[in-house]
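Okay, structure first, notes after.
Chains: A, B, C, D and E, in written order; residue numbering restarts at 1 for each.
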């Protein structure tokens, strides 16, 4: 633990010569030559870690291109913000369910990633946290993502300086 | 009056004043950019970069923004004083520049001698003290007229602060006046030349007292209590916006330049080169040393490029360009560029170099230190600076007595 | 100064240095503060009530938003409470990783505190330096759980996933360079006479007052009360690590500063030990898909960067708690503000608010 | 400055008269103090004028003394006003009867 | 008329006008500002009279110190001032008397020898010496009054502190 400055001749001298003030100046001077930490978004972008939790999306099976979702409603159940809305119907052959619509309301979503947890289509979960994070929009409707958007993602917006 | 005299007494001073008033806002705008840049680099970030190349047009953008911004006046404020306050802040700041000599050798323009200062009066220092004591009115009136409690507190703080720090400010320069035997700025620098030494050496205590008191007087960190944004939001100019705010801003930075100039003149030999009487260094006089910043700037620029990229390059590029320009002007006799006056430009070069250093100190302080508290500030002024500056006067007197 | 009429002044909820939407009603006499009355509730979201309508896993994202600059500590405390309620045993590897995370979080939180505290006192550069280092920690968190502020990093019974490849080395790298960076802050502040003047003897909180007001965390320890939940009621295998609990003497702002600075060093120490002895194995206990704890009540407390973060759960039946209650350290510590501020100057209030390090999300819940 | 000395004197006289008028007609103690300052200034103008006319520095020296005295007077005067305000909650001189028997 | 004379008359008029405004305006802060204006104009008159040192001191002490003190106190007492000048009977009578006296003095002035002189018709002594000669006068010829003045200031300072200090 840093000791409190004690009284003494040396300390008195230090005080008189404003020593600690010079040390402080030296620190700021030195840091001028350190690499800067600014990332000039949108010109530069930070590198996201593989686990980054962006907006939740659905995905196709990478090989056969089928929808992975089996309409089990688990993500809808576990979602703390009620932002997932699934409509499903019985498959015609009576075995299991078929997805009719799948909506995520990004206005409500808190990006907690809990929906990915229980997804039964392991190891590749149907719902996953994508790396998209630019989702500004001028209309509220733009935040309710239907199945098509969820699967294909929004067209990347072109941010220009 | 004949035409010659008319031009000498009226036209030239008017032109000088006009030049100061017109050039100064531009200088300040870029000083502010430099402040943001340097502060940014100290804080390992990049500072403005979006407007213009490396943010070079940022000051223009800021100025335009301030000009076209809505000029709000609080409803229950005293309109008259509210408008008056920024004006009376700026006027003393600008008026101080009248007696500050940027160099000694006159320029020759259209066959007329134009001094690099507006006037050289024999009570210049007293004039500066008197004028700077008026700057407080803008702060105190602005704070009061805003009819806001935060502003009022800021105004009260600053009035107490500025009154207190004027005393050590005045005492600290008495030593210099005693040594030089004059209160005229030009005479003081000439005395330093005659003495062969900058007064910072015999007046080190006076210099410290003056500089600290001056930082306090200009309300800059670590003495920026009147506008401490963490406590009083923005102190006396909380309610100001648009052009009025810009005027306060202008005054603050003008004061910084004035104070840096005074320190340079009083303690650092004004436009004199280092070791003004050492014949071996006479080449500095005609600008050979300008080579040094050229080479150093080039080296540092290269280094910055290697290590960092981006930000610092700008500074060094500017440094190199400035040094190259200075070199060209200073070597104009050799290069055959007629009409450019070497001694005057050399003086202005040294002067601006020193002033820039002190302006950098201001920014450096801002980047480094916490803020004093009101009572500590008062204690520092009254318990340390005033006794020390009086001690300095006594010491200087003894020194003069002993050495004759 | 001259005596004048008393002046009432509102500090906040929009004020640069009330750290959020805290509103203080100050009564001033000149620059002297006669009375301070904190007004809170601007950020109230009813988290406790919301919790009664959510299943246990769904509550964890809510805890992220209590003390949003130290969300991992909240996660840890909440998961610990539910695990205690269910009688779950968390695998040792998960416990160790939790400790690493919690201590990194402590450093990150203290860095944020230091930056804003120094900014309030006028030293703006420290802010950028601390954020530079905090950013490194946030990168580590992002690599671990994918989020940078509201982590939702743990799950009841352990962790959702093990740490990613190379993560421990990155943590080691960070705690390797961090002490030199901390030295820099200390160079800028610890012995600086202005800093000393602004903090020493300011906002003194006597030990008996501290205990009486229920203050906890560094604020309590700075007053000289040697109490740290990590040692008094060890959780998540804190009993297996060696660390010192820094204790102040005078209970002033400077002591609170020093205690937190030292805590950051101790956190580095704990992290190093945890990484050195990181056990292999699972990171998640066997947890049923639907969490239905037995009826009962439980109180679990952890040492968050701000103090004692308590979680009280009453469970009757089903998947949702019957009653949920958070003991928010910021809220309790805020009570001490008027005691510390009375008779000081306005500028000191800023210093004191900074030094008790409140988070309004935690205060208002 | 080729101005007749008596014009400077007239200026000083009028300044003094304004000061007197202020003392007589205003009831605010602070304004009364200000008026006193005006009168002192008027006196100083005379000092300076005669110092210049007689080529004697005594006038200037005395005006410096006057300024010093004025500073002291204002400090004490304002302190009294402040004390008055604190005790009686007024700065109007005719509301202060404490000295009356 | 020559330029300095014009400047003098302009300055004098501004000073008088501002002085009238000092006692006329209802807002005490405005009064204080007009007071500053008066002082500055008077200081400028001093400069015209080649008394640069006194002018500087005038600005430094009056404008930079005294009026700030005024403003300080005005802000501290923070009162709503609504009372302007009040003309009462005895004030009116004394005003008439005073005006008579002023008129008499003016009459005498216009007759006296001063009316025909021109100030500074003799070239002044080297103005560079002004500061030095003032210093010498202050510290050599008038050293006793100088010391007395400083003691007076000290006493005034102590008195002001005692009066204004807060009694607990």
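Keep in mind that, in the parts below, a contact is a pair of C-beta atoms (placed from the backbone, for glycine too) under 8 Å apart; a residue touches a chain by one contact, two chains touch by 3 or more.
As the structure is a prediction and not an experimental result, all values here were calculated from the model.
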| said: Treat touching chains as neighbours: how many steps, at the fewest, connect chain A to chain C? | reply: 1
| message | If I rank B-E and A-B by number of C-beta contact pairs, which comes first? | response | B-E
| query | If you average the Cα atoms per chain, which one ends up farthest from chain B? | reply | A
| query | Hey, which chain ends up farthest from chain E, C-alpha centres compared? | reply | A
| query | Taking every chain's C-alpha mean, which one sits closest to the mean of all protein C-alpha atoms? | reply | B
| query | Distance-wise, how many Å sit between the C-alpha centres of chain A and chain B, to the nearest whole number? | reply | 48
| remark: Whole-Å distance, C-alpha centre of chain B to that of chain D, is 37
| field | Centroid distance [mean C-alpha coordinates] between chain E and chain D, Å | value | 7
| message | On a C-alpha centroid basis, what's the spacing between chain A and chain D, in Å? | response | 73
| message | For chain D, give me the residues that contact two or more of the other chains. | response | 82
| note | chain B touches at least 2 other chains through residues 42-45, 160, 367-369
| Of all residues in chain C, the ones touching two or more other chains | 2-3, 125, 128-129, 132, 188, 192
| Tell me, which parts of chain B touch chain C in their complex? | 42-45, 149-150, 153, 157, 160, 221-222, 224-225, 228-233, 366-376
| message | Taking the touch rule as given, give the residues of chain A at its contact with chain C in the complex, in rising order. | response | 1-2, 5, 15, 20-21, 23-24, 26-28, 31, 37, 48-53, 78-80, 110-114, 117-118, 129
| Within the complex, which stretch of chain C touches chain B? | 1, 7, 9, 15-17, 31, 118-125, 127-129, 132, 188-189, 192, 194-195, 197-198, 345-350
| field | Residues on chain E engaged by chain B in the complex (per definition of touch) | value | 27, 29-30, 33, 36, 43, 52-53, 55-57, 59-60, 63-65, 68-69, 71-72, 75-76, 127-128, 130-131
| Residues of chain E touching chain D in the complex | 2, 4-5, 8-9, 12, 15-16, 19-20, 22-23, 28, 31-32, 35, 38-39, 42, 45-46, 48-51, 53-54, 57-58, 61-62, 65-66, 69-70, 73-74, 76-77, 79, 81, 83, 85-87, 91, 94-95, 98, 102, 105-106, 109-110, 112, 114-122, 124-125, 133-134, 137-138, 141-142, 145-146, 149-150, 152-153, 155-157, 159-164
